Amino acid sequence: MDTKNKKQHRYGMVIDLDKCTGCGACMVACAVENNIPPATAKATDRTGITWVRVYKFDNGLPFPNNRSAYIPMPCQQCGEHTPCVSVCPQKAVEVDAASGIVAQIPVRCLGCRYCMTACPYHARYFNWWDPVWPAGMEKTLNPDVSPRMRGVVEKCNFCHERLQAARAKAAAEGRDEIDPSDYQPACVEACPTGAITFGDLADPNSEVAQLVQNGHAFRMLETLGTEPKVYYRSDQAWVRQIAQQEVQKPKAKEKVHG
Amino acid sequence: MFPGVYGFTWEPGNLIFLGIFYSVVAIILGTMGIVLVRSLKDFQSQKADQIRWKLDFEDLPEGNRTCRHELTGEFRHRTCERGFDCRECPDHAKLVASKIRTIHPGYETGDEEGCILGFDMPLERQYHRGHTWVMTEPDGTTTVGLDDFGSRLIGEPDEVRLPAAGTSLHLNGTAWHFKKNGSDLRILSPVDGEVIQTGGKKAGWYLKLKPLGKKMDTRHLLRGAEIRPWLAREMERLEFSLAADGVGMSLADGGALVEDLSKEYPSLDWDAVWGQMFLEP
Amino acid sequence: MDKQLIIRGLRRSPLSKFLLWILPWVALLGLGLYAGYLCLARGLNQTNMDNRFAFGLWIYLDLTIIALGAGAFFTGFLLYILKKDQLKAVINSAVVLGLICYSGAIVVLMVDVGQPLRAWFTFWHPNVHSMLTEVTFCITCYLTVLLVEYAPLVLRNRKLRQIPSLLVFEFHLHKVMYVLAGVGTFLSFFHQGSLGGLYGVLRGRPFAFREGIGIWPSTFFLFILSAIAAGPSFILLTTWLVSKLSKKELVKREVLSLLGRISGILLMVYVLFKTIDTLIWINHTAPASGFNPFDFYSWEPFGTWLLFAEIVVCGLLPAIILLDKKRREQTGWLVSAAFLVCVGVMLNRFVFTIQTLALPTLPFDRFLSYVPSWQETATFLAVVAYGVLIYSLSFRYLPLFPQEKELRQS
Amino acid sequence: MKISRRDLFKFVGGSAVGAFLTPIPWKLIDDAAIWSQNWSWIPRPLHGEIRTKFTTCTLCPAGCGARVRCVGDQPVMLTGVTRHPVSRGTLCPAGLGGHHLPYHPGRALQPLQRVQKNGKIEFAPVSREAVEAALAAAISRLKPGTPNESIVILDQQPGRTISRVYRRFLESVPNGVYVTTSALGGDTLCVLQEMMEKPYGPVGYDLENTRMILSFGAPLLDGWGTPGRMMEIIKAQGSKDPDYRLKIIQVETRQSRTASFADEWVAINPGTEAAFALGLAHVLIHENLYDQDLIRRKAIDFRKKDGRAYLNLVEQFTPEYAAGISGIAPDRIIATARTLAQNAPAIVIGGGDPGGGPLGKEEETAIAGLNLLLGGIGRPGGIVARREVPDIMSTSHHPTVPEMEIRDVPDHSIRILILDAAESGNALPWALLERKLVPQGALVVSLSSYLTGLTKHAGYIIPAPTYLESIQDVPAPIDATTASFSLSSALLTAPAGVTEPFEWVKRLASVAGVPFVEEAQGSTYEAQLKNRVETIYRAKRGTVFSSGDGKTVPIAEISSADQLWKLLSEGGCWIDSKAETKPMPNFSLLGKTKDNFERLQVAGQGRLSREPGLVAAFGFILMPFGWRGATGNGQISPLMTKLFQESGLRKLSGQTAVNPETGRAFGLTDGGQAWIETEKGAMKVEVRFDAAVMPRVIEAAVGPSVEAFSTAETQGTQNILDLCHLDDDCAWRVTRARVTT
Amino acid sequence: MVVKNRGRLIFLAGVLVMLVVGWFGFPRMLYQKTNQPIQFSHRVHTGDKAGLTCEDCHSFQADGRFNGIPSISKCGGCHVGLLGNSPDEKVLVEKYVATNTEIPWLVYSRQPENAYFSHVQHVRLAKIQCERCHGPHGAGDTLRPYESDRLTSYSRDIWGHSLSRIHSEVWDGKKMDNCASCHEQRGVSNSCLLCHK
């Protein structure tokens, strides 16, 4: 297998916010696929691990004109100035040249969490606890993904193990390139409304590349210049607007509880 | 990290960063290596005593490092730079050769023979700044002992550790140890020599030495007219040292030290005073 | 035995009083060690840090004490390289403070990282583009240097000095101190810088992000400047404090003045550059990332008062005091100004650690607060206690202030 | 030779230097790091042959197909089955984690008895025989013919083979009553059938062909009906001509997921759905937008006859009048009615929130009336008839005990209550069941896999196998337009101590000596199921979907009943052919019940209208809400912490939302704590400010508590449902509450 | 007796003792030896007698997954009864084949959970011989005892037999460095994700 002469892929996704109902299937499917343990009793939305987190956001108007939408935030797989890669002191993070996927290798990670402070998307998660599954449930772990230990950072890698499986399948059939239909991340597969489209952005004929071209597509925090490979789209102007408004100003003089 | 180790790339960034790092490590290790080699060399050539004296001497307050030629008035103000070792001092040699020696007036005031400022300081002996006397015996050996000033400062020691016969002593190295009130005091060796005999308590703690070379070199020792001004300076120093400890004690002219000073003023920091007076700060 | 260890001629309180003094610090250290054990054995869930507040009290502590510890390298630099011989009076104390700061920082870092057993991977597989790699390399090398610098001090202890081999070693070690001071200056210089770079390179945190000067962000240099400005002030402050606590004169008054003057000059330079940097950030960097710079200050209590306090109250003001000869000669003014300088650098490190993380980046993010857990606080306090203990022991048994004996006798 | 201390030092020093020339330090440093990468307490996945199996999800009545990825025989992942005729390739989040349920820490693994120990309720092990003896004794004490002394089996997934067995059993004992819960989403359909003069048979929503849905709080996009069906419609929206896209209007107080996703969200005052529905009817009639032909021909109470006709009722509900009650502007009511008429075929769906409880019968009558006015019954894109699953023992052949909804069961009448393990996924407050029990000495037995929810109130617990541990049949979902039948297979062996409900009923019958000795005795559950499959096969209707290859073939192409059984037990699905359009019988727009005119009139004033002063006194209206699957009494995968605890995507029990302005006016803080106090009690909750919440309403989540994922506690010690006011018709949608800090 | 340079000799003795301990004693302490459940002769199976190739037993699934050590059913395919007279075969037939129990083989080249290795890509696409990594394992008559690191529970084959990691044979050692250097030689990417899961 000579990766040098192989096609360079840039896997990415387009998430249609008009189709996301915020059901959370992606989060559960992701956790099942990637052997993410259930939370301990003390975990919160700030210490938990969900490689793809669905946020709710609204148009900021008062009742009854308030409207809200949901936005799934996996690792945005930044293609330029990838903030987490350059900060990692021991190369536990890198951009995979063949796929464009930002790789996080927990067994290399020393748990300094610098990458987490660097990531503006909060798409990186630290294992504050050792993973614990209820007795017996560890039998349901996915053999293609290794469970992590406490003290390391982890994040979405577009279900890279599925890319591996697709490559193995291609190799078994004597092919050098995978069949694109063999590689779909778990969240994409699980999304009941088909809100997530996944594919190779480098292939102009792919569905994702077309969707990106078709207008109404945008990326989060584009002005930072990190060139994420996760795109969003919405036909609703307010959704597009709010997703690009970088800082939400504090509302009145609310007391904030963290 | 190293070429050949997985992950190493020949990128300029890598090379610059690691180059700097290795240089720093090399400098630190190299410096430490040099220190170790030098220490080992000096330690093996038994220069420890010499170094100790060098360091101690540098630690002495400037007033305690007065040149002997200032005592005699040849200089108005002069600080010794050589650890009281006049043997190689070109100025000393010059001054001795010129024989222009101003005799301190005190010498002529007619102290009792050998009794200077109330201390028993026989003039046939030569004295070291660390309050030891040296007397060259007719048989070519040399006797070394604590001078009267020193004896009175210490009084009755709790313990004395004399060197065994055969031990080589070096100038300003340790001659013997006194222990008193928990303080460990080193008495500096006034000359180079090999111990051939030691005298116990009854004999008044002395050492008999034979020269290491052909002849005992005593050029650096105080003698004759230098003794009185030196003692006067030592009295001053003592008073100063005691006063610093907050004791309003006065050694007015004519007064003499009692036999065992530390007994009289037990509350004083004698350890510090002895350290000062025996040149062991 | 205790008496035998105290430098001849120095006055130290009776052992019982000394033990009474260190007892609470030992207790605090014990508590902190227990807290650290909890964090290592059970994981960092013992802290109140979280995915959003991935850095907390510890990193803040780290940045701060390293900034204050800059006094060590900078004094060494002034003394050994620039031959400001007057500073010989405080160099030993500065070395001890530096050692405390750096070793404390490393110990806390080892608790702070999730997998300390793998920390050495940084050496084996270094990512030279990471500021943290630079930090790691510098901090380990500089700690080694500080230990080597501290060694002669320890060897000067009265009892250890009796051992001839150690005496010789100390003698030769002292002779090469200028080399170590030079290396230390180089390392610490980069270390301070890379700590500043740590935040300055964070493109994803537009509040901290600074455009580069060469390959470095401006914070790289500002941290160095602020650290070397604060370092002498910290030495001044600690010397004054130790002198007050021990009721002894430790250094000559003009040494303190000199420290103040150096601090003042550097601070003035720092304030100038900090102001320029802030203006560039307001007018260029932040808008370029798509942010209104003043939005960052719209979350109470992190208002613009912080910026004012940092640059004017704790920057310009003490700089003016320290540069005024008349005020500098008055201990009250001198010490207060030094205090302000230290507060200023602490505030600066606070803003970069805590405010940076508290501010939302995503439009639907919330502003977050964070309160350290008792384990974090105890570990933090243990470092303080560790510092006090090391300093107390060093002060008692080692020749920290060469002028002390002289001043006592005069 | 004497060895001095110095020698020892030298030796140690030499060793130390030497050590660096050996692998010891280097290997140990490396091994220590490797050790930290392979801690023995970090579980390792099973490795083995990867197999794909198929089954049907039984966690709610939706009946979704599931593809099971197994390592050896161990299921490790569930995904939807592409082209599955019921679920359309989709699994909901609860279904995605279904394979974790056998390992849920809250499982009951042996028969348990509720005991009081030191004033605390505990569950102590008990023998199965003892439970059976106690029940047999209680059965023997039941006096035949006394309707206020009944034995009830509560079945939340009716239509299964076991449901039939239950009914047979109840037929054999004195005063047996077979009870189901009000099926959310199906309520409108049930009421609609009651409004028909003659039985019309089962009906379903033809969502695929409709152009508009007006939903009264039904969580259309959040686990309603068969979730995959609605999702498929959303999925297809993009490729449709905008003019023909499905338009959804959600009428709901809360900005639910459906409300935020819908084309329009009509924020309605709590408990005033009837007013809005009647207001719409008023506009439809006044603007002649209704199906005049149908109404003229079939409606029996449309004309103004005795002043109590439908028209008289509707007359009162002018847009202005309805607006005053529902808080929706008259223009909006008129516009909505027009939109409904313009976007024919349209469907109006009632139901309500799975946690907020069902709408009342009156509201459902008004909503069903809208469907009738729009003429949406029996035509494509409306409410269409379907056939029953072929069953030789269907009720028409063998009269058994009637099916009754729990809200229709007289209060204080149940002496023995048996809870079936199957879940509807919707909330069911214990207070509702408690009200139906005799005040003293009622015996409650739960056939449950988990020691949670309603089961916590049972006197005895008989552990039942959980999902994937037993073979079960899955009947057609309530909203389906065609009947379907599939099987869930036993991919895992149930643990010892667990009893299949069928076996248990058989044992109970024999212990109690009831004449339950028909073909069931001596048979196995599997045989019963096979029997049913055979019946389907013999009916020769419909098609069969095979999960393995994703193909659908007519049943005629299946060679034998055994082959059909094989296909179904490998996750296949039988789908009935479309029912022919049946002529509609006459209907009453007010429903059959005599006093419905008055009842609707009252209901039209809104649920809180009876004591208007109290609203002001209490200040807040408490509205519980939930998510089907997580509000039920069953269990959800511990991994659901991702949606609740670890992301805030869904609210946990004890979390509430209020409008920021209301919150501030009442001194509440965002993220702070507050007490909700109602006539039933008080509860401490966490308050979040949300601009989408109606002023003066406090929305409280009916969800799992944090402990529910790691212990036997499903909903914590206290549940917001305990605070809710239960209406006479067993609705608990709105409750007056006081909120204080 | 006064020996000249006594101190130096004692120091050197310390060094020497440590060298012996480190290079000879330490490996014995670190590694735990376990015998395989039964002895198996690869040579008998691959030689003229049975004539099997590696892939006949260590086969691939259709989707490219590597089956690794064959399951007992594979053994049972031939060893229904005794084919020879070796005592190990007797154990195989009686203890494992007859009861359909899997043999608890200890896999010499077992990689940790976090490593992903695709046999199919190496064997089918890159056409690398089994011997490149497994050495002459397939030609052996016996199975050597399995050695595992007490600290990490890794097979000794991962670090390689020589503790210095200076290996005389190309297949000795299956640490990441070994994989990486071969990848480097062949111009294959050394991306982390390629081999970590």
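As written, the chains take the letters A, B, C, D and E, and residue 1 is the first residue of each chain.
Definition applied: a contact is a pair of C-beta atoms (placed from the backbone, for glycine too) under 8 Å apart; a residue touches a chain by one contact, two chains touch by 3 or more.
Computed from a predicted model, the values in this text were never measured in an experiment.
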item	value
B-E or A-D - the one linked by more C-beta pairs in contact	A-D
Chain whose mean Cα position lies farthest from chain B	D
Most central chain, judged by mean C-alpha position against the global CA mean	A
Gap in Å, rounded to a whole number, between the CA centres of chain C and chain B	41
Whole-Å separation of chain centres (CA-atom averages), chain A against chain E	37
Chain C and chain E: spacing of chain centres that average the CA atoms, whole Å	52
Residues of chain A whose C-beta touches two or more other chains	40, 44, 47-48, 56, 91-92, 107-108, 130, 145-147, 149, 256-258
Residues within chain D bordering two or more other chains	32, 35-37, 44-45, 50
Touching two or more other chains - residue numbers and ranges from chain B	5-7
Contacting chain pairs - touch in the sense defined above	A-C, A-D, A-E, B-C, B-E, C-D, D-E
Contacting residues of chain C [partner chain D, same complex]	115, 117-118, 120-121
Chain C residues touching chain A - in the complex, by the definition given at the top	43-45, 49-55, 112-116, 118-119, 121-122, 124-127, 129-133, 135-136, 198, 201-206, 288-292, 295-296, 298-300, 356-357, 359-371
Chain A to chain D touching residues, read off their complex	16, 19, 21-25, 27-29, 31-33, 35-36, 38-41, 43-45, 47-50, 53-54, 56, 58, 60-64, 66-70, 107, 130-131, 133-143, 145-149, 189-190, 192-194, 251, 254-258
Chain C residues within the chain B interface of the complex	3-4, 8-11, 123-126, 128-129, 133-134, 137, 141, 144-145, 148, 161, 164-165, 167-169, 171-173, 175-176, 179-180, 183, 186-187, 405-406, 408-409
Interfacial residue positions of chain E with respect to chain B in the complex	176-177, 180-181, 190
